[in-house]
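Chain nomenclature is as follows: A, B, C and D, assigned in order of appearance, with residue numbering initiated at 1 for each chain independently.
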Amino acid sequence: MTPSTRREVPCCEVRDLSKAFDQTTVLSNVSLSMKSGSFTVLVGASGCGKSTLLRTVAGLEPPTSGSIWMGGRDVTALSPKDRDIAMVFQSYALYPHLSVRENLAFGLRLRRTPEAEIVARVSEASAMLGLDALLDRLPRQLSGGQRQRVAMGRAIVRRPHMFLFDEPLSNLDAALRAEVRVEIRRLHDRMGGTTLYVTHDQVEAMTLADTLCLLRGGAVEQMGAPLALFDRPVSRFVAEFLGSPKINWLDGQVKHSSSGLHIAIGGKALKVPDRYGQLAEQPVLVGLRPHHLTTASDDVPQFATMNVTFCEALGFETYVHGTLSGMGDRTVVVRVEPSHRVTRGDTLPIGIRPEHTLLFDPRSERALDAPT
Amino acid sequence: MSVRANVKALVVHTLLGAAVIYALYPVLWVVTIAFSRDGLGTDGFVFPWPRDPSFMNFAIATGISTGKGALFLRQFVNSLAVASATALMSVAVAAPAAYALARLPFVGKRTGLRALMLTQMFPTVASAVPLYFLLSQLHLLDRRAGLVIAYSASALPFAIFQLKAAFEAIPVELEEAAMVDGATRFGALVRVVLPAARPALAVTALFAFMSAWNEFVLAATLMSREEAFTLPVVLQRFVGEHAAAWGPFAAGSLLVSIPVMAVFYIAQKQLLSGLTAGSVKG
Amino acid sequence: MSVRANVKALVVHTLLGAAVIYALYPVLWVVTIAFSRDGLGTDGFVFPWPRDPSFMNFAIATGISTGKGALFLRQFVNSLAVASATALMSVAVAAPAAYALARLPFVGKRTGLRALMLTQMFPTVASAVPLYFLLSQLHLLDRRAGLVIAYSASALPFAIFQLKAAFEAIPVELEEAAMVDGATRFGALVRVVLPAARPALAVTALFAFMSAWNEFVLAATLMSREEAFTLPVVLQRFVGEHAAAWGPFAAGSLLVSIPVMAVFYIAQKQLLSGLTAGSVKG
Amino acid sequence: MTPSTRREVPCCEVRDLSKAFDQTTVLSNVSLSMKSGSFTVLVGASGCGKSTLLRTVAGLEPPTSGSIWMGGRDVTALSPKDRDIAMVFQSYALYPHLSVRENLAFGLRLRRTPEAEIVARVSEASAMLGLDALLDRLPRQLSGGQRQRVAMGRAIVRRPHMFLFDEPLSNLDAALRAEVRVEIRRLHDRMGGTTLYVTHDQVEAMTLADTLCLLRGGAVEQMGAPLALFDRPVSRFVAEFLGSPKINWLDGQVKHSSSGLHIAIGGKALKVPDRYGQLAEQPVLVGLRPHHLTTASDDVPQFATMNVTFCEALGFETYVHGTLSGMGDRTVVVRVEPSHRVTRGDTLPIGIRPEHTLLFDPRSERALDAPT
C-alpha cells in the first residue's frame, strides 16, 4: 500500500454531480469533499441549488448524473434510510401525531433498537437540549424554538455519521437565531459527526463553517475557509455576497508611473496592494469594504471627500451613505464609530486603507489576483 | 359602541338561527309525528308538537307489536353491515389512489381526475339498471356484498377528492423526515401520513357510511327479499304499499337516524377538525 | 434507477386505473344499453359495447317517437329550473351564515354547527313525509317552488360547511385592507371576500345543482302530475311501471347527464381549483 | 387665542389606551403623541402589544378604554374608512382577484374619485415605485418584493394623512430588506405624511425612527430618539433589547474611596462615568456594550483578562466570547477588529472605555441615572 492510497477517506464526497428538473438545470458538475468531523456550509442566494444539493446528498432527489460517496462507498443508488444520515428540516417536520418523546424515538424504533437503549438515548439527547419538561407534549403545543430543538434532538438521537441541516434557523427570531447558532456549533463539536449545512444567511455561514461553499447558479463559485472567501473573493459575486453593508465599488484605471504601480480614481492615485504582482494598464473595478474606508485622520490620510446623502445610526455603529466627489455617482457606504454624529448634507473627509483594496476585471468580473 | 355590537350580534344570531331552523324544521316534524298516537295532526302546524305523546309508533315500526321483531333486527344488521363495509372499502380504495394523485407526478393525472369528477355527475337512478345486471351476472343480487360494491363505487370519487386534499395539506417534509429516519416510502405513508390524515380519513369514512346507510334507490332496486332489505327500504314500505302509516314511518326514521347520530357524536371532535381543512400542521 | 421508476409508474397507473374503472364501469354499461336497439345483451358482458347501434332509444326516451316531445321538454325545463333555483337559493342562504360562522365570534356557534351536522345524518326518505305535509299546507305540492324549498333545505348544511372552510382560508387582512381603503364591513364582503371565494362558491352551487338535478325520492313523493315531474322521476317510469324499457331508460339517463356534464366542462378550472383547498392566497 | 392653544395640534394622539381580549390585558394605559410629518416606530418582542396598538389606531380593534385623536378630533368610535389612514400589512393583503392596477385604484374607486384622477394617481405611484411593467399582473404572479411594493403603492395612491406599517419587511430576504428599508424612509420624506411603523427588528427601528417607542408587556417602556434609547436606556430591558451583539453584564459594587466614586468588580476598580452624580454604596449591575470593550492598548489600559471560549469571525468584524478572570462566570462578548485572529483557549487583555458604562439597580433593573 503506497502512502498516497493510505490517506484518510473523506466522510462524504460529491463527484461531478448534475441535476436537472425537466429542462431546468439546477446543479451542474458540483464536486465537494467533506472530511470526517468537518462542518461544511453551503451558502448562496435563493435558487442557487444549495437545497437541491443537500437533498441529493440525503437521497431525497436522485441526481441526473454524477455520484455521491460516503465512507468510501458509492451511495448514489441507496435510499435515504440506508445512508446513515440525519436531517434537520427548515420546517422542522415533526410528526404531528407523536409526542416529543416518540418523535425522538421514531428513528430508533424503525431500526428495532432495544427499548432500554431507546430510553437511554432519548433521555441523553433530551438532557443535552433541555427538552425534559416537554417530552410528553405534542409538536403543536411547542413554540418555534422548542420545535427546532426537538428536530435537532431527533437527529442527535440517531448518532449518524452525517448531519444535514436545511436552513434550520430561518423560522426563528433574531435573538433566538444567534443563540441556537452557537449551540449548533457546540453540538457539532461534541457529537463529532460530519455536518453539511445549508443557509442563505452570511452570518451563519461565516461563523459556523470550517469550509464555506458558495454556490451560484448551480455551480460552485468559491470554496474554502470563510475568511479566505471574505478576504480573497475570486469574483465580484463573492465579494458582494459576503459582508454587511455590501462592498463599495469605484471605477479605476491601472497606471504605471515613476513611483510604481497605482490605480487612478477620479484624478487621485491609490496604492496597489503588494500581493498584486504585474498588472497591465487596464480599467479595473475597485472593491472597498465599508470598514476599510474610514474618516481621514493622522493614521489614514484623506483620499476623497464624501457628500453625505443618508445616515443610519444603529447605536453601536453608524453607516454613512453618500458619493465621493469627482469619483462618479456610485453610492458608497462608510462605517464610522457611533460617536461620530453625521447628518445629510455634511461632507466627510475619507481615507482608505489601501492594503485591503480588491481589484476586479470589469468585464469578466473575476478578481485580478485569482488563479484563472 | 355597545349598541352597534348588540345590533351585530342580533343580526348574526337571526341569520344563523334562520338557517338552522330552515334545515331543522322537517326534522322537528318527523319527531312530532313519530310520538303522536294519531299519526299527524294539523293544529300544531307552525310549532310542531305531539298532541297525544306515545311510543306506539316505535313498537309498530320495529315489528315488536306484530311479532316481526326478528326480521327488523335482521334488516337493521343488514344496514349496519353494508354501511360499515362501504365505509371501509371506500377508504381502503380511495386512500392509495388519493395518495398517488396528491404526491406522484404521472401522465394522465388530469384526465383521471376529470373522469372521476364526471362519474359524480351521473344520477344514481341511471346507474341502478346496469348495476342490477352486473350484480345479477355476479350472483350478488339480494346479497349485502352487491350493495357494498355498488355503494363504494359511487362513494369513491368524492372520497378520493376529499383524501387528495387532505394528503396535499400534509407537508412532504414529514414523509422525507420519516424516510431519512429509516422508513421506506410505504412505511412513511403508513406511519406518518395516514396518522396525520386521521381526521380526514374519519370524515371520509363517515360520509361513505352515511350515504350507504341512508340510500334508497339502489337498495330498492337491488334487493327484493324482505330479509335482504336495508332500513330505508323497510321505511318506505310503511308509506308506499297500501295505506300510508305515517306514525310508524316517522318512528322508523328516527330509529334509522340514531346510529348515525351516535357515530357522529362519538366522532364529532375529529369531524369538526377534519372539516376545517389545514388542521394538520407540524 | 429507471427500472424502479418504471415499476413505480406501473403500480400508480394500475391503481388509479382500477379506481377509475371501478367508478366508471356502470356508466359504460348505461352507454351500451342506450345505444343498443335490443336493449340489453349479455355477450359483451365484460367489455360492454352496443351490438346493434341505434338512436331509437333516445327517440323513445324524449317522446319524439310517441308524439310526447312537448311533455318531455316541459319536464326538462322543470328539472333545469328547480336545480338552478336550488343552487342559487343554497348559496344565497349559506354564504351569509357561513361568513358569520367563519368570522364573527358569538354564543351558540358550536351548538349551531352541531345542529347543522346532525341534519346531515337524517335520511332523505325520512324527511319526505313532513315535507309533503308542510308543502301541502303551503299549497306548494306539485309546484317547482316546493321542490326548491325542500332541496335547498337539505343542501344547506353541506353548503354552509363548504363555504365556511373557504371563508376561513381567506386571510382576514384582505377584509381589513378593504376597510382601511374605504369599505364598510359589508362592502368588504361583497367586493373582496366573495370574489376571492369564487371557486368555492362555484363548487357549492354546482353540488347543490347536481344533487337537485339527480334527486329522485323527494321528487317522486312531492310531484304527482306528469307535467310537474323532474327527469329522474320520468326516467324511473320507464322501468317502474309495467314492462321494463331498459333501452329508453338508459338513453334518458344519458340525456339527463348531459347538462350536468356541460356545466362541469365549462366550470372545470374553477372546480378543480376550488376542490383543492387553500387556493386563495394573496 | 393664547399662545399655548395655538401650538401645533399633533397629527395623531393616543390617550391612555387600554385593550383586553377576554381576561388578557394586551395594552395598558398607553399614551403616544405623533407630530405631523414624524416617523414613529413601535418596537418590541412578539406579544408586547405593538401590533394591537397599531390596529387600534387603524380602527380595526376597538379599545377597551382610552381614546384616539387625529387632527384634533376624537376618532375612537370611527370605523377605519373614516380615519384618513392607509395601512401596509405584513402579509401585504393584496386583493387576489384584482390586477395590480385595480389593487392600486381600489381605495380611490370606493371614494368615487373621478376616473381621470384615478389614472393620474395610479400612474404617479406606479412610476414612483417602478411598478409600470406589472400593472396588468395578478398578485399571485408577483415575487415577494414586488408584492411589497404594490402594497406600498396602494397606500401612497390614497394620499392619506397617516401611514400605518405592520412589519412590512418581515417576509423579505435580508438583502431586499435593507434596500426597501431605505426606500420606505425616502418615501416618507417625500410624501410628508405621518408614519406609524411596527417592527420587531432593531435595525429597522433604529434607522427609520424619528421617535422610537419600545413596548414591553403592553406598556411603554421607553420613548424617545433612537440614540437616546441606545445610549441612555431606562432599564435593563431596553439595554438588552437594543444592540447586537447584546450588552454584557458584570456584577459590581459602588464604593467610595479617597480618590472618589468607583465600582469594584472582582477586585478591580472601574471609574464611574461623570454623569452619575451621588450614588449610595450598593451592589450594581454593570452594563458594557461589546463595542465599548476593547483589546487593551496604549489608549485603553488593561482592566481584565478574558478567557476565550468561542470566536465568531464575520470578516468585517469578529465577536470573541469568553469570561473575565476573577469576575464571575457571566459570558462576555467583545467586538474586535477582523485583523485580530483569536481562537478558543487564548487569553485576551481587555480594556474598558469607562465613560460608556451603564449602571442598573440589580433588583428593580432600572437605570441608576433614570428619573424615577
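Rule of thumb we're sticking to: a contact is a pair of C-beta atoms (placed from the backbone, for glycine too) under 8 Å apart; a residue touches a chain by one contact, two chains touch by 3 or more.
Since the structure is predicted, the reported quantities are computational estimates derived from the model, not experimental observations.
By the document's definition of touch, subunit A and subunit D have no common neighbour.
Subunit A and subunit B have Cα centroids separated by 56 Å. The mean-CA centres of subunit B and subunit C are about 16 angstrom from one another, to the nearest whole unit. Among the residues of subunit D, none is in touch with two or more other chains.
If touching chains are joined by edges, the resulting network of the protein chains shown is one closed cycle, each chain touching exactly two neighbours.
The residues of subunit C lying in touch with subunit D in their complex are 171, 173-174, 176-184, 187, 191-192, 195-196, 198, 280-282.
Those residues of subunit D that touch subunit C in the shared complex are 58-60, 79-81, 85-87, 89-97, 106-107, 110-111, 139-140, 147, 154, 158, 164. On the side of subunit A, the complex with subunit D involves touching residues 46, 173-175, 178, 182, 185, 200-203, 206-207, 226-227, 230-231, 242-245, 289-291, 310, 312-317, 321, 335, 338.
Taken in their complex, subunit B has these residues touching subunit C: 8-9, 12-13, 15-20, 22-30, 33, 40, 42, 45, 93-94, 96-97, 100-101, 104, 106, 108, 112-127, 129-131, 133-134, 137, 150, 153-154, 156-157, 160-161, 164-165, 168-169, 210, 213-214, 216-217, 232, 235-236, 239, 246, 249-250, 252-254, 256-257, 260-261, 264, 268, 271-272, 275-278.
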